[in-house]
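Going by the order they are written in, the chains are A, B, C and D; count residues from 1 in each one.
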Amino acid sequence: MTSIQENSRIKSAEQITEDIFRLTLHAPMIVSLAKPGQFVMVKTSSNLDPLLRRPFSIHDVSADGDLLLLYKTIGKGTTLLSALTQGMSVDLIGPLGNCFTYSGNHDVCLIGGGMGIAPLLFWARHLSSGVTKPGTHRVLLGARHRRELQPVATAFQSLGYNVDLATDDGSLGHHGFVSQLLPPILPSVQGVYVCGPTPLMQEVANQCHEIDIPCQASMETHMACGLGACLGCTIHGSDGTYKHVCKHGPIFDAKEVLWTI
Amino acid sequence: MTSIQENSRIKSAEQITEDIFRLTLHAPMIVSLAKPGQFVMVKTSSNLDPLLRRPFSIHDVSADGDLLLLYKTIGKGTTLLSALTQGMSVDLIGPLGNCFTYSGNHDVCLIGGGMGIAPLLFWARHLSSGVTKPGTHRVLLGARHRRELQPVATAFQSLGYNVDLATDDGSLGHHGFVSQLLPPILPSVQGVYVCGPTPLMQEVANQCHEIDIPCQASMETHMACGLGACLGCTIHGSDGTYKHVCKHGPIFDAKEVLWTI
Amino acid sequence: MDHLNNQSPVDLAVNIGGIQLANPVMTASGTFGYGREFAQFVNLDAIGGIVVKGISIEPRAGNPPQRIVETPCGMLNAIGLENVGLERFIAQKLPYLRSIKCRVVVNILGDSVEEYAYLAEKLSEHAGIDGLEVNISCPNVKKGGVAFGTNPAMAQAVTEAVKKHSTLPVIVKLSPNVTDIAAMAKAVEAGGADAISLINTLIGMAIDIDKRRPRLANIIGGLSGPAIKPIALRMVWQVANAVSIPVIGIGGIGTTEDALEFLIAGATAVQIGTANFYDPGAADTIISGLTTYLEQHNETSLINLIGSLDTGVLS
Amino acid sequence: MDHLNNQSPVDLAVNIGGIQLANPVMTASGTFGYGREFAQFVNLDAIGGIVVKGISIEPRAGNPPQRIVETPCGMLNAIGLENVGLERFIAQKLPYLRSIKCRVVVNILGDSVEEYAYLAEKLSEHAGIDGLEVNISCPNVKKGGVAFGTNPAMAQAVTEAVKKHSTLPVIVKLSPNVTDIAAMAKAVEAGGADAISLINTLIGMAIDIDKRRPRLANIIGGLSGPAIKPIALRMVWQVANAVSIPVIGIGGIGTTEDALEFLIAGATAVQIGTANFYDPGAADTIISGLTTYLEQHNETSLINLIGSLDTGVLS
C-alpha cells in the first residue's frame, strides 16, 4: 500500500479527560489514501528525544482531508503531543499497515476497549457508508469511566449506530468489561472486529473461536519504523512464526495470533 | 555567592528581530540575590535533548521580581526557548558567577556588542541608582543593524544615559565597530566594562591597557554546570593558569585574560 | 555511469575498495529493508548505495518479541538476525534491487568461517550485487560463541575466507565492542579486506522496573542512533589513521552535519542507519546537504574533504 | 549512625565493601565538585555518599579549552584530570566534607602503580575518608600510555598496590572501553578490591565541520550522560554476575527509574554523574523516589531489590 510523509497542521486539539486527547490534523494526502484499520507514525518532538515516531490508529477522517487521532498520554511522546496546540504542525507518515475487511452483506459487531476504540470509528464510518445500514451492525464500547466513554460513543451514535457501553466503574452502561456484553449478541452477527487491551482481545477471540465466527483484531506492539524495515514489531503467530504488525497487520485474523503468550 | 533553583513563569516573550528575543521571567528569589554581571543556567527543554542548561547573562531585573534575558537564537537550546510563550514556566539556576565592580565616584564607560549588551543594562541600572548620575557615564553599543540595536538602546536611554551607537551596516549611529567609538572617550573615563564578541573585547582590553585604564570583561565559554563542579568552562589566564568562567568569572579584569589565543 | 550525472559543479563520487558510488551516502544494513520499503520516501536511484539486511544461508526467524526498546537518543534492537535466507533473497529481493540505479551491497552473516565463505561464493555468482559487507559481530559457534568481531585472528580468518571465495569487493564491518578498534581494523586489512565499515551496534540493555525483567526477550541488544555518534566518530577516526583501505562511517548519522563529521574524520562514505526509521528521507536530505556544504566552502570535489581533520595544536 | 534515621518504614541502607551507606545514592567523581558546590541544591547530609573529583599526588592544570561538548543526550569531557592535588585536597577540601554526614569516597588517579600506592597510603592517614575509588581509566606512562583499565593484569596490579598500602575499603572503577568487562572485574576482584564501580566514560569525539578541527582541544574525550545508560546497565549486569563483591552502577542515571534499573540488574549502589549538571537536585529526588517505589511494591528493604532481575524465558 502507498504511504507518504506529510506535514500536517493541527486544526484542533481537544482534551477529553485528564489523559485522553483528540487531535484533528489536516492531512489531505494521507486521508486520500487511508483505509480503516490503518495507522500513522507520528513525530512527537522536533529534537532527538524521544527519537522514534509513535504509532497511532487513524481514528477518523473527513471528506475535506482531516485526520483524527484519539490517544492517551502514557509517556514521553504522548505527553509532548498533548502540549501541541492549534496551528502547530505535526509530521506524519502514513497510512501504514493493512485494513479491516468486510466480506459483505451481513451483520457484524465492533468491540473496542479504551484507546482500542480509536480505529473502530473510521471503520464504523466506512461500514455505514457501504452496503449495509448502521442499524443492523452492533457496536460495543468500554472504558474506565463515563467521562472517557461518552464523547467517543457519541461519534458512533451520530453515525446512526446503536451503541452498547460498559465502564469499569459502572458510571455509564454496563458495570464491568465490555467483553461481557458480547455473548448475547454473538449468535446474531457474522463477524467481529475487536481492538483494545490484549486480555479483552483474547477473550473476544476465544468467544468467536468457540462458535466459529470470524474475528479481526487490531494488534499493538513496539515499533521503530512502521515501514517493514526494522523487523522490530513482531508478535507470535499461532502457526509458530513471527508476524510483523506494521506489515502483516495491524489487523489480524484472530486465529493467526498466538494469544496464550 | 548563593544561588538557587527557581521555576520561573514567563511574563512576556518578545521577538525583537528575526533571531533576537527578550524574555521576562518572574523569578523573585533569584532576582533578590542577583548582582549585575551574573548569569543564570536555563533549562531549555523538558526532555533530554538538549541535555545541558544554557548560560545567559541577567539582562535586567525589576523591583517586583522580574528577570530579563536578551538572547539570540543560534542553535537547539535557544530555538526551543524562542518557542516558549507567556504563562509557560522555565527552570532557572542562579544567580551564578561573580559581578561587575565599581570602586566609586568616577566616570566609566560601558561597551557592548551584539548580545554582549545583555549584562550591561542591569549594570547600567545599578550604576544609575548609585553614587553617580547616569549622565556622567558613557554607554557605547554596537550591533549588526538598527532593528537589533534600537529597542535595546532605548532601555539604556530611559535610564538617563547618553548612548552612542554603532552598526555594522550603518543603519543606526556610527557605521562600523563600536570599539571605534572608544578612543576619543577613553581619556575621560576611569574604568571600562566590556561584553561582546572576543575580537571586540580584545580590542577594548588593548586600548585600555595602553593608557592603563582598568577594564572588566564578561567572558563566554562552553559550560556544563555553571556551578564550579565540572571544570569544563576554562579560559586561558594571562598568568598561564586556567580560569573557570563560572566561578572566577564571568567578569574578569581584562589583564587576567590571555587575549592572544 | 549515468547515475553520476549531476547538475551541480560539485563532484560527490567516491570509490569504496572498487565500488564506485555516485555519492558517499549509503543506507545501513537492517535499517532500510531491501530498499523497496523506502521507495516512497527517498529517490533510490540517487543514493550512493544500499546495504541490505544481513543474509544467512538459511532463513532465520529471529528473536521473540520484545525486540526493540527506545533509549535516550537511541534504541536497542535484538532482532536476532531475522532474514529471508540466501535463496529467497536472490529470488525475491535481488530483482527489485537490480532495477534501481544505486549500488547494492549484501551484508552477510554466519556461525562459522565456512558459512561466510559459502555465502560469499554463492552471492558472487549473481549479477546486480556490487559488493559484500561482512558482519563479524556474530558469534562464532565453533569458538564457544565469541563474536568474530572481538578477536583479531578470527576476524582476519573470516576476511580471508570471504576474499578467497568471492570476486566482489569485500567490506568488513567492525564491532565497536572491543578494547582496540585499530587492531581489529589492521587484522581485517591484513586479511585482504577492500574496505572497512564501522560501527555496528554497541551492546546494551534495558530493564522493566515493574516486572523486574529485561525489556528485550534476548536480554541484551544492540544500541544505535544519535546517542552512539561520538563513539562511532572516534573509532572511525582511529581506524582511518590505522589502515590504508577506505573506511565507511556508521553510527548515529542523521543529518548533513553528522555525515560531514565522519567524512572529515577520514570516512570515504557513510551509512545512515536508525535515522531511516524516524526520518525516512534522511539519505536524500544528506546528499543535497553535502552538495550545499561543498558549494558554500568552494570545494569542487568531496574527495578533498575526506580525512581533512586538522589536529594541529589546539588551544 | 544517626544518618540512618528514617521516618519511612523502608530501609534503604546498603554496604559497599565495608562502607555503610544510609542509602544507595552516591554522586560520581568529577560531577559533584567537592560537595560544597551542591549544598544549595541537595541535602548533602542525606546522600548515601559523595565521590570527590579524582585526586593526584601533585595538582594538575588539566587540558586547554574547549573541554566540553554537548552530544545527543550526552556530553563529552576532556577536563584532563584537573585537580588540586593531594595536599590542598586534605587542607582545603576535606574539612568541609568531614562536616557533612554522608560517606566520603576519594577518587584517586596516577601515572604509575607507585603513584596510586602513595595516594592510598597518604589518604588512609586522614580521618573523614570512608573509602577510596581507584580510577584506572588513566594511562600507565610506564607502559607506553596504555590505560590501566584496559589490561586485566595492570588493573590487578594497581588494585593490589592500593589494597596493600591502604586501610580503607577500596572500590575499583572500571573503564567501559574494553572487549570483556567481566574479565576486568574478575582481575580487580582477584587483586583484592572490596567493590567495583562502573562505568567510567566511553571514549568519543566531536568535530567542528566549519573549522575541520576537533571540538575538544584534547581531540578525544569521555562520553557520559543518558546516552550511555544502556551500555552501562549491560556492563553492570555482566559484572554483577561475574564477581561476588558489591558493584556500584554508574552511567546516565538521572531518574529514580534509571537507578532502579541498575539496582535490579545487580548494583548495590548507584552514582549520579552528568545528571548533577542539568538537575542538581537529582540525588535528593532519586532517594525519595526509591522510598516511594519500595512502598508501592510492598518491599521493606532495598536489599531485596538488588539483583532481582528475572531473566527466565521471555516471550
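Here, a contact is a pair of C-beta atoms (placed from the backbone, for glycine too) under 8 Å apart; a residue touches a chain by one contact, two chains touch by 3 or more.
Given the structure is predicted, the values throughout are model-derived calculations rather than measurements.
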Counting one step for each move to a touching chain, how far apart are subunit C and subunit D?
1
Two candidates, A-D and B-D; the one with more touching C-beta pairs is B-D
Which chain's mean C-alpha position is the greatest distance from subunit D's?
A
Report the inter-centroid distance (CA atoms only) between subunit B and subunit C in whole Å.
47
From the mean C-alpha coordinate of subunit A to that of subunit C, what's the distance rounded to whole Å?
37
At least two partner chains per residue is the criterion; list those residues in subunit A.
48-50, 236
Among all residues of subunit C, those touching at least two other chains are 64-65, 72-74, 225-226, 315
Linking chains that touch, what shape results: line, ring, star, complete or other?
complete
If you look only at subunit C, which of its residues touch subunit A in the complex?
30-33, 37-38, 40-41, 53, 61-62, 64-70, 72-75, 77, 79, 82, 225-226, 254, 274, 276-278, 280-281
Going by the contact rule at the top, pick out the subunit D residues touching subunit A in the complex.
72-73, 315
Subunit C-facing residues of subunit B, complex:
48-49, 236, 261
Given the complex with subunit D, which residues does subunit B contribute to the contact?
2-5, 43, 48-53, 93, 221-225, 227-236, 241-242
Given the complex with subunit A, which residues does subunit B contribute to the contact?
45, 47-50, 76, 80
